[in-house]
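Below is one structure, written out as structure tokens, with a few remarks after it.
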Amino acid sequence: MQFLRMGGYAAYVWPSVLLTVAVVLLNVHWARRSARAALAVARRRIALQRGADA
Amino acid sequence: MSARVPVLQAGLRLMSRDLRLAMRRAGDWLQPLVFFLVVTTLFPLALNPELSRLRDVAPGALWVAGLLSSLLALELLFREDSLDGSLEQLAISGVPFAWLLWAKTVAHWLLTGLPLVLVAPLAATALGAPAAAIPGVLAALLLGSLALSQLGAIGAALTLGLRRSGVLQAVIVLPLAVPVLIFGARATALAIAGEPIAPPLYLLGALVVLGVTLAPLAAAAAVRISLE
Amino acid sequence: MTTPSRPPHLAGHDLHLWRGDRAVFSGIGFEVAAGVCLQVTGPNGAGKTSLLRALCGLLPLERGRVQWRGAEVHADLGAFHAELAYLGHDIGLKSDLTAVENLYYEVGLRRRVDRAAATAALEQVGLGPAMHQDIRHMSAGQKRRVAFARVLLCACPLWILDEPTSNLDAAGQALIGTLLAAHLRAGGVAVVATHQALPLPAESLRSLVLG
Amino acid sequence: MAWTWFHRFGSPPYFYRVAGTLTPWFAWPAGVLCVAGLVAGLALAPPDYQQGDGFRIIYVHAPAAWLSLMVYTVMAVSAAVGLIWRMPVAHALSAACPVIGASFTFVALVTGSLWGRPMWGTFWEWDPRLTSELLLLFLYLGYMWIRSAIEDTARADRASAVLAIVGVVNVPIIHYSVLWWNSLHQAPSVMKLGRPTMPASMLVPLLMMLLGFTLYFAALLLVRARGELLRRERSTRWVAEVIGGAGP
């Protein structure tokens, strides 16, 4: 409890920490999503090309 | 094969072409100047028109108005030339492209920056600056507008041919112009307060030197990319 | 300027050009020697304009080499441009200046020209009294003629012309053909993108078909 | 030696493969360091003698501010390499940066003003560091917007590279001009601690966070750059070879 109260600074410390953790996790999510999207587009192209070649 | 023109002369030729073109369309080139005067008029109307109070905001008002008007004037720098294909011809003229763009930027400054500097005493007086401050205000704006036109050339070159380029150009140029704004407004404030203005003026001069040497290279690279 | 040691000669080897993720052309090659004109043809969108602009160094090639007088163009782009006259899609004339003024200012960047020389070039393309009009008051065909006069006045050994005869009447087309032939006879090189038959002898005409 | 390394990394298939292998080697230590550093900073480090527990915001603010600057530098340097040597790998790296950099600039701004609130009494004070961060955010936004305004990827790469280079020359000038401006107006700065030297119990968690965030950025950068590289190279043969096996 003492820890959560942060010596009276809880209203400033915890939002800062939460925001930072959220942005850290969001960035992981965004990075993976963008990499996956690029992979999907490349796959689709290759499938199309193979279809055209066959 | 006939003799090539010395590089210096090629730049002067281009500059005189731009000046002559501007003479045929004087209205276009007056707009940024009028804009500057209109914006400086707005400040007393929005604030307290008492001259002693205005004196405090005068440097800020002058510089923000000058910055916005120089941004507005950028449209006249490369746009026409890019639309009618003459920028392309300049790019393959065999004369160093950065030099030609530098010449164009100087002509542009003569047409938009210098008039602004010349009417600034009027605006400064209207905002409560004493007569003794005028030389300092002039010096600061002279250097500042030179630096701004070099920075602006980069922004104009980067956004050449893009949709809604005006806003994008502002977002690109304004943060880069912060040092000019800080030193320029400070020099103006010191001039109005009757104190020595040398330190911010030197810093402004350094920015001009940096801008004049490096900005044309960046602008030339950006224009070439936009021509692709 | 140093006198060029080798004769005019333009060559492209294994040229590949991409726009976005689409290959405009790939594996193009050609050679044009002094006195020869390369005529580039192909359907719309085959990349004629792109090829010409890439040869000028305005468009980056994905792969391949362009050589002028046997040397890599990109090694000294400035020297190459000094010998190049390009007539593009956008003619690059200022509409607020007269034809004479346009030539005086634009060609004046490259070489010494006076008004007499500019006037002479404009007379060669048959512009006559219209040359003292502002470009904005001219017809599309007249503007093309002015742009062609600029190419003449540049006095460059290499011409790269993109549709030089568009908007021109029959007399104008014939005139361009004659002037082009004279340029080749004088030892010049030309690359021309056009569908019009060029009135040139077979030995001075090469063809490159795109698409 | 250095040059062969440079050229090998410049080869897209090699980079794609190596980046994939390296990612977990950055990601796991980053995770461990960040969690440990945060716990140590928030729970174990002693309170500051002037700012009490309020100073603990430094353990998130400083790493975010550090990333905001480092990402910009990485972005500009790789953009310059891409522009000069025409390397798609470098452009892909540069394109991977702005979202990461802008989001941490934003974090640095918000945590900075949250830190400032109890110290200054207001959320926003024209503190030189915060002002510089704000301008940095604008620089990131300009870079992102010019990228999205140009449709052709190759052109967008090159145009934004010019902007990034101009920006990185300007960042120190902006920073020092803001410092100079601030020294005239004397806004209080609390973004440093009262004591000249920090005790190890305070400093070590901070260093752990800084290192952790750096490794975290490296991992993110590699993941994103792989995707960006696929976008740039999707019509080449190596892409088909690399991902073809997993596909249909």
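Which chain is which? They are A, B, C and D, in the order written, and residues in each are numbered from 1.
By our rule, a contact is a pair of C-beta atoms (placed from the backbone, for glycine too) under 8 Å apart; a residue touches a chain by one contact, two chains touch by 3 or more.
Nothing here was measured: the structure is a model prediction, and the numbers come from that model.
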Most centrally placed chain, judged by C-alpha centres: B
Selected interface, C-D versus A-D, where C-beta contact pairs are more numerous: A-D
Separation of mean Cα positions, chain D and chain A [Å, integer]: 15
Inter-chain centre distance, chain C versus chain D - centres from mean C-alpha coordinates, in Å: 48
Distance between the centres, which are taken as Cα means, of chain B and chain A, whole angstrom: 42
Intercentroid distance (Cα basis), chain D paired with chain B, Å: 33
Contacts with two or more other chains, residues of chain C listed in rising order: 60
Junction residues of chain B, two or more chains touched: 228
Per-residue multi-chain contacts in chain A, two or more chains: none
Touching chain combinations (by label order): A-D, B-C, B-D, C-D
Chain D to chain C touching residues, read off their complex: 86, 151-154, 234-235
Complex contact set, residues of chain B against chain C: 1-5, 10, 13-14, 16-17, 20-21, 24-25, 80, 83-86, 88-96, 100, 224, 227-228
Complex interface listing, chain A residues touching chain D: 3, 6-9, 12-13, 15-17, 19-20, 23-24, 26-28, 30-32, 34-39, 41-43, 45-47, 49
Contacting residues of chain C [partner chain B, same complex]: 1, 3-4, 56-60, 78-84, 86, 88-97, 101, 105-106, 108-112, 155, 157
Interfacial residue positions of chain B with respect to chain D in the complex: 154, 158-159, 162-165, 168, 171-172, 174-176, 178-179, 182-183, 186, 203, 207, 210, 214, 218, 221-222, 225-226, 228
